[in-house]
Amino acid sequence: MVIAIVCIAGIGLVAAIALALADKYLAVREDPRIGMLTSVLPGANCGGCGFAGCDAYARALVAGTAPNGACAAGGDECAAAIAKILGVAAEATEKRVALVKCCGTRSEAIRIGDYNGICDCATAAMTAGGDKGCKYGCLGYGACANVCPKGAISVADGLAKVDKRLCIGCGKCVKVCPKKLIELVPASATIHVLCNNPDKGPNVRKVCGVGCMGCHLCEKNSGGKEAGHFTFQGFLAKVNYSNPPTDAMIVAKCPAKCMIEDAHFESGH
Amino acid sequence: MLLVGAVLVNNFVLSRFLGCCPFLGVSKKTETALGMSGAVVFVMTIASAVTWCLDHYLLTPNNLGYIHTLAFILVIASLVQFIDIAMKRFLPPLHAALGIFLPLITTNCAVLGAAEINCKQGTGFCEAVFFSFAAALGFGFALVIFSGIREKLAHADPPRCFRGIAIALVTGGLLSLAFMGFSGLVKMPY
Amino acid sequence: MKPKDTQEHFVLSSSPHAHADSSVSRLMLDVIIALLPTTFMGIFFFGMPAVWTILVCVATCVTTEALCRLAMGRNNTIGDFSAVLTGLLLALNLPAGIPLWMAIVGSVFAIGISKQVFGGLGMNPFNPALSARAFMLISFTGPMTTWLKPFWWRTPDAITTATPLATMKTWFAAEATASATPHGLCNSACCGVPSLWNMAIGNIPGCIGEVSAIALALGGAYLLWRKVITWHIPVTFLATVFVYSLFAGGAPAMMQVLTGGVMIGAIFMATDYVTSPITAKGKLIFGFGCGLLCMLIRQFGGYPEGCSFAILIMNAVCPLINRWTQPKPFGAK
Amino acid sequence: MKTVKSQFKFKGGVHPDYNKELARNQPIEKLATPAELVISMSQHLGAPAKCLVKVGDFVKRGQLIGEKNGFISVCVRASADGKVKAIEKRLGPAGGMADAVILDTTAKEEALAEGTETPTPSAPKGPILPPLDWKTATKEELLKRVEEAGICGMGGAGFPTNVKLSPPPGKRCEYLILNGAECEPYLTADYRVMLERAPRIRLGVEIMRKILGMPAVRIAIEANKPEAIKAMEEAFADIEGNVEIVVLPVLYPQGSEKHQIYATVKRIVPEPPALPIDVGCVVENVGTVAAISDAVELGEPLLERVTTVSGDAVATPKNILAPCGTKYSDLVAFCGGEKIPPAKIISGGTMMGFAVSTLDIGTTKTTSGLLLLSPSRVFQYSSQACINCGRCLRACPMNLNPAEISKAMEADDVKTAEDAHVMTCIECGACSFGCPAYRTITQFCRRAKASIRARMAAERAAAQAAAEKEKQKAEGAKAN
């Protein structure tokens, strides 16, 4: 018994010494800040920062090749923590969430063909521009929902919708949408124009019952051009998110019914 | 014969069910499976050499056969750690290829199993080392085959409840079934 | 309010807009047609038990497939005839006298465990019928190696465990131990081995569908003519078995090819699309591997017949073969 | 000049139903200028042309309305007199949106009478461009003419012809290959051009030979067009130099540039980004060659082309010479309308053409066909699983593994598809054609290629941005 204990202890001791020596003389060290940064980052590996994952972003931060604040998921808190570790000041970022700028559901927007192929927006858009009458609207094949790391996007009635509470603003959906109709907007904004069609009113009306016709009523009702709550691209009203409107009355007065006032986006009309 | 026996008939993972953890853990890609196989062959051969010496010169003379499991774990674990550190320093390319797998097999049951089988059979040094080498080769063989299937399965569409490890286990079972065909191919002494 | 949709709707799809007249169900049907000759031969030799086994296997496979798809909440796929084919192939690989409940268990295993669990047709790494056969061979070794003699209703001892294969195994054994003169050996062994003609038409004990080499070859010719399969796998498989047995000694090479599951394995089992390599080069390697492993198991293994195991093992290696025999693109360096 | 049979068969290929008998014996008919033209600024491969006119402008036939915008780009000319009704984004046949000039060709009389047209250089009476004598004109003059005539490849891809005809420094064209294979089912436009415009093709060949420095000429025609072979033999009977007519076996996609080069001169074009000129070859469609001779000898830019309107749903299939920008609906009306309601409209042939959602699309310089198919000829793709049968591998003329690519793309695994050389894919559709599981293999390849291209573009942009940042930094450091 004693011999056994001595023996095991002896082996352990020899091994421990060998390892200790090895660690001291042979080890290759890496920057300890990488580990610290990785623990601060959200660890969702969403790739929204443009790097392969949180670990890759941490390495890039230490190497100085990535800007702080690229992590939308972590937000200000995370940026501050990163800044603390790296010893530089943080730039404040506002939490942003994705918004699908289309409200043309199957019951409102016409379809002009029977698409038969891969269920994917980019591919459908490559086939005769997609089967939706409106060439700017959401095709509803869910490319955004497929890339969303948080499952915040769902497709119902041929239209994608974002759940604001789940969205971390990584922007992957923005990149993948072939119609470029998803935008990152400040989470605090509550009034949105859900249309992406800059065509003239009659042309929009031909394909969609809820498309923006550029009538400028929203602008008038929110204090006119001087108030600067809206900008216009062609015949399409856009919310100026650096100065968003707050008066819910304009939503009700929109003749095209393409505006919403909604805290969560998930209910739509 | 020993080689065929250890590789095909008494395959460590498919017949003895040793080393299931890396078998399931690192078989998602064929590249990593190849790396892991290399690491296993490397560690298992060296570990069996060391443990054989330990058993023959220290434990058996002192009648300490009953603690060999304990001693082996200790020795193998520290040995692997040591190799890891040394390799990182002296052979960075090899470490880049095998490095991440080394910590995974520190106390791998396949490595320990090989050492155990050796000392139970009381084989000679060369035979013991060769057996471990062959067994590791068999393990690697199974691992690489399995990784090929799993790469194919990555594009398959199993029902939700079977995704991931579940389907891998079913596949492993079927693979083991196929390998049963080899039974009796070589009359193994152990 | 939705605008009025005045325009007619056209189909929008990516090119090509033309399609050859081929479909999965037609391919499966072709294989089933190719199996008909051997099915009839099996029924001719083994009578009603063969009929029952075939019916039970096919019915169970189709039912299992339908139930699995239902449980998974996916579309029903029994219309592609792959389940019928699996059932038929499994039945043809069973001895005629096997208890029917075992056939049911095997069929459920084939469709449930080895196919639908992976997501259905196209996803399974192992041939469903073969893995079910291997499973049954290991689970019910006795019944799986007890065969009815052809025209058993006319012979007094209807049941045998001695197939030509088992006899041939003893040849190997005899050759390994004693250096007996080939002549004497042949004499002694030939008593238990039927003539080549009987082997060719299938007048020997064995599984329902594997006995009649001529009927199987007929089916293979049909498949080749319909371009359902290519020559690569069957030819390399059979050639490897033939050449191996020429050099390894033991039973005559022709006998090795004609007996056991080699014919049905080479033509119908190893050529299963899903579990065999996709490239021509890969198919050659696959066929060679099947033949080699089959003969190794026959000569040295614990089981008398190695064909199913050989194909199953090659099924497992198939993804690797595919990986390492990728075609070189036109113009690639 | 001699006629030889092609000795080199490429691997793969398929035999679709050609259905050429519908329109092959219909002589080319000229369509009177329709009331409205939709002239796209993107009729070719590369950057869209820059629009030079504005709404209300009056334009003359042949007037430049779109300026070449970059190296790989082609100018656009008005294909008829008329008033610019609108300039708006219109759907092209390939599904993309591009600026298009909508011309009202009926408005010309009153516009002239009222004299409201904006001052534009009035086009001279007679030829639009001054005719050139190809024998005396210099190489540069001829090239310039091809460029200003707005000629691009008329086979389908629409590659700018002047770019093709100016080999980069260090490369020499040894073979000029005329593509008369027309392997697309239904289409007979090139066939009719070869029959009816053979002397023009001969002249075009002589002009191109001069531009390219007298390369050998190979005229590639599939064996199922004996009349075209005869017409070419007659037209080229007394030509000097190394000219051969190569009769190709009937096999789709024989008209693919790479496969034609292999079939005629047994050279293999390496993987992209290599071009035929890298193996000393230039391949041009027969229609393009005829257009070159028109541009040089007659001073007539590329304003109209022959389009086959066919399919079992059209009343009388025809080969129509129509101005570029003619709406599909006008073409169909010219053919006597629809016989039965079509289920699918295809711009191009059935193997590589584009399904369109509406007939309200203008033709372009590359519109070789318009097909109206009845429901009986339309099949449905399905998302059945791949059964690994290997038919697509055997059919693929590029010797790829389409099964692997489609399976990978089904699981959104672009990396595997890229490793399987998907960028080499020519999208000929041979894989999907024979797939017993009716899988959308070609579409998966397209999707893989699109996402790889998008990724490459993003990487290039990022690298550029990084380089600029570095530059700025360096400059800042210098200033300090």
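Chains here go by letter, A, B, C and D, matching the order in which they are written, and residues are numbered from 1 within each.
The rule is simple: contacts are C-beta pairs under 8 Å (C-beta built on N, C-alpha and C of every residue); 3 or more make two chains touch, one makes a residue touch a chain.
Every value quoted in this text rests on a predicted model; they were computed, and no experiment measured them.
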item: Taking each chain's C-alpha mean as its centre, the one farthest from chain D; value: B
item: Distance between chain centroids, defined by C-alpha means - chain A, chain C (Å); value: 52
item: Euclidean distance of C-alpha centroids - chain B vs chain C, Å; value: 33
item: Rounded Å distance, chain C centre to chain D centre (Cα mean); value: 50
item: Distance between the centres, which are taken as Cα means, of chain B and chain A, whole angstrom; value: 44
item: Residues of chain B engaged with two or more neighbouring chains; value: 157
item: Per-residue multi-chain contacts in chain A, two or more chains; value: 112-113, 116-118, 123, 126-128, 130-131
item: Residues within chain C bordering two or more other chains; value: 7, 10-14, 119-120, 122-123
item: Chain contact topology (line, ring, star, complete or other); value: complete
item: Complex contact set, residues of chain D against chain B; value: 385, 407-408, 410-411, 413
item: Residue numbers on chain B that touch chain C, as the complex places them; value: 30, 144-146, 148-149, 151-153, 156-159, 162, 167, 170-171, 174-175, 177-186
item: Interfacial residue positions of chain A with respect to chain C in the complex; value: 107-118, 123, 126-128, 130-131, 133, 205-209
item: Chain D-facing residues of chain A, complex; value: 112-113, 116-120, 122-123, 125-131, 135, 146
item: Complex contact set, residues of chain D against chain C; value: 10-11, 14, 16-17, 185, 258, 262, 268-271, 274, 341-346, 348, 350-358, 371, 373, 378-381, 384-391, 393, 397-401, 403-404, 420-421, 424, 427, 429-430, 432-438, 440, 442-443, 446
